[in-house]
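There are structures below to look over.
In the two complexes that follow, subunit A is the common piece, with subunit B as its partner first and subunit C second.
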Partner chain A sequence: MGVALVLALIVAPEDADQGISQRIFYIHVPIALTAYFCFGLGALKALFLLWRRDERYDLESYVAIHQGTIFGALTLVTGSIWAQASWGVWWAWSSNQLVLFLVLFLFYCAYFMLRFSLEEGPRRARSSAVYALFGVALIPVSFLAIRLAEDFIHPTVFTREGPQMSGSMFVTFCVAWAAVTLLAYVLYRVELAGKRLDLDLRELRESLR
Partner chain B sequence: MTYLADVAALTRKDLKVELRARDTLPAMLLFVLSTLVVFHFALPEDSSETAAYGLLWVAIIFTALLGLSRAWVPEHEHGVLDGLVLAPCDRSAIWLGKALATLAFLLAAQAAALPAFVLFFAPLDATALVGVLLADIGICAVGSLMAAMAAAGRSREVLLPLLVLPLAIPLIVGGVGSAISADAERFVLFLGLYDGVFAVLSWASFEYVVTE
Partner chain C sequence: MSFSQEELVAAAYAAVFVFVLVYVAIIAAKLVRLQRETSELLELVGRRRTTASEEIHVVEPSREA
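Presenting the complex of A and B:
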C-alpha cells in the first residue's frame, strides 16, 4: 500500500500539465469518493445490524463512519485549498461538493455526539444505526437541495473547469484512487482491530475482577 | 383500521396532556413572537424583504425544535414510554401519534406567528403557505424520531438541535425557495419529496429506537 501511495504521489505531478493547482485533484477527488464509500459502508453495516441483530456490526458501522468523517474533513481541507488556488477564495458557497461535505460533516459529528451521550448497549447500537441510515438518505436529498438553492443564493453559477482527463492522467487518477481506498481500508482494519482489542481487554478485566 | 384508531388515541392523549398542563404551546407561541420582534431589531432599516423570509424560516425551525425538545419529556418523567412500548399496538403508531401532536402544536403556534410576520415584515402568498405546511410535516416527522433518540441520552436538550439541524437544511432550502423563488412550485415539489422519503424512513425505523 505504501508503494501504491508513493507511486501515486510521484506519478501525479509528472502528468499534471495544467498548472500546479490541478495536482491536488489527484488527492482531493479520491478522498471525497472514499469518504462517500465509507459512509455508504457504515450505513450498510447499520442495515445489517438492524436486520440480523448481530452486535458485531455496530462496531464495524461506527468505525466505517469514523473513517468517513476523517476523510470528509480532509476533503473539506483539500477542497478549500483547491478553491483558494483556482478561484482565489478559501470558501465558495457555489461549489456544490464542498457545501454538501460541510452538511455531511455536521451530520456525522452529530452522530458521534449521539453515540457518546447514550448508554452503551443494544439500544445505542440501534439508535446509531438508524441515524447512519438517515445519513445515506440525506446525501442525495441535500445534494438536490444545494442544487436547487443555487438559483436563489447564486444567480450566476460558477462554471468549474472540468478536468479533461487524457489517458495518462486518468491512469494516475485511478492509481491515486486505488491508493486512497487502500489506505482507508487499512485504517479501517487497524481501528477495528484496536477497538476490538479494547473491548476484549475490558471484558477480560471484568471477568478477572 | 385499528392502526388508525391507535394513532388517533395516542394523538388525543398528547393533546389532552397539553391542554391540562399547558407546558409546550404557550412557550412555543411566546418564543416565535419574541423571535420575530428580535428580528425586527436585528435587521437594519433598509434591508430587503428577502432577508425577512430567511429569518422567518430560522424562527420556524427553532420553534419546532422547542416543541420537539418537550415532546417526549412527559413520557420519560412518568415512565409512560415503557407502557406504550408494551401496549398491543404497532410501535410506529407511537411515532405517528407523537408526530401528529407536535404538528398540531406547531401549526397552532404558526397560526399566530404567520399573521404577525405579514403584519411586521412582508406578505406571504399561497405557495409560501403550502411550503410552510410541508416543511412542518417534514420536521415533525424527522424530529419526533430524533427526539425519541435524544431523550434516551444524557444531554437531550443539547443533543436534539445537533441531530435535527443538519437534517433540516434541505427543508430550509425548500421553504425559503417556496417563499421567494420565481419558480416556487419546484421547491414545493422538493419539500413533498423530502417529506415522503423521511417520513417513510422514520416510520420504518422508530421501532428500533424505542425497544430494548
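Presenting the complex of A and C:
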C-alpha cells in the first residue's frame, strides 16, 4: 500500500488534461473494481450456499457483501471528490454510471436490512443468498453502463484499444489495484475469522450453561 | 466554498485512510471483546473442573467405606 501511495502521489506523471486531480484515479478505480469483485464474490458464495446447502457459505457471502458495501461507500466518496475536482460538482444525476453504482450500493445496503429483519437460521441464510444473487445482475449493468449509454461525463480509460494512459501511469494503476485487492483480502479474512470465532464462542457458552 | 485541486486529492486519500482506520479500530474492539469472553469461558471451565474434582474427592471416601 505504501509503494502504491508513493507511486500514485509522487512518481506517476501529472495528467496533461486533468492535472493533479487525476491522481484520485489511482485510488478511486481500484476501490470501485474491488467493490464489484466483493459483491460478485458474495453472490458466488450465495450460489454455493443454495447449491451445496452448506451453512458456512452464508457467513462468507455476508462478509464479502459487507466488504463490498464498505468499498462501495469509499467509491462514492472518492468519486464525489473527483467529480468536484474535475467537473465542479459533487454529484451528476445525468451520469448513468454514477446513478447505477448508487443503485447497486443501495441494493446491497438493503441486503443488511433484509438479513437482520429475519430470525437467524437456514431461512435467513437462503433468503439472503437469493437476494445477493439478484444483485449480481446489476454489476455488469453498472460496469458497462458508460459504454451502453454513451455517457460523456464519466471518462472511459479502458477501451478496446487498451488503457488510454502512459506506461508509468498504467504500472501505478496496477500496483494500486494490487494493493487495494490485498487490503480487501486481508480485511475479509480478519472479519471472517472474527465472525467465526464469535459463533464458536457463542456455541461454547451455550453448551457450558 | 471552493477547494483547490491539491486539497481535493488530499481529501480523497484521507477519506480512504480514515475509513480503513475506523474499520481496523472496530475490528480491534471486537477482538478485545472476544478475548474477554474467551477468558470468561476459561474461568468458567476452570471453576467447573475444581467443583467436579471436589465432588470426586467427597464421593471417593464414602465408596471406600
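Note that the second predicted complex is superposed on the first by the 166 of 209 C-alpha atoms of A that agree within 3 Å, B and C clash if a C-alpha of one lies under 4 Å from a C-alpha of the other, contacts with A are read in each partner's own complex, and residues count from 1 in each chain.
By our rule, a residue touches a chain if its C-beta (ideal position, glycine included) is under 8 Å from a C-beta of that chain, and two chains touch if they have at least 3 such contacts.
Not measured: the values here are computed from a predicted model.
Of the two partner chains placed by superposition, only subunit B is touched by A:Val103; subunit C is not. In the overlay built on the shared chain, the residue A:His66 is in contact with neither subunit B nor subunit C.
After overlaying the two complexes on the shared chain, residue contacts for A:Lys45 are found with neither subunit B nor subunit C. Once the two complexes are laid over each other on the shared chain, residue contacts for A:Phe134 go to subunit B alone; subunit C is not touched.
Within the superposed three-chain model, A:Leu144 lies in touch with subunit B and out of touch with subunit C [touch as defined at top]. Shared contact residues of subunit A, touching subunit B in one structure and subunit C in the other, are absent. Across the interface of their complex, subunit C is touched by residues 5, 9, 19-21, 23-24, 27-28, 31, 70, 73-74, 77-78, 81-82, 84-85, 183, 187, 190-191, 194, 197-198, 201, 204-205, 208 of subunit A.
Every residue of subunit B that touches subunit A in the complex is listed here, in rising order: 142, 145, 149-150, 152-156, 159, 162-163, 165-167, 169-170, 173-174, 176-177, 180-181, 183, 186-187, 190, 193-194, 197-198, 201, 205, 208-209, 211-212.
Interface residues of subunit A facing subunit B in the complex, by the touch rule stated above, are 50, 103-104, 106-107, 109-110, 113-114, 117-119, 122-123, 126-127, 129-131, 133-134, 137-138, 141-142, 144-146, 148-149, 151-152.
Here subunit C touches subunit A in the complex through residues 3, 5-6, 8-9, 11-13, 15-16, 19-20, 23, 27, 30-31, 34, 37-38, 41, 44-45, 48, going by the rule given at the top.
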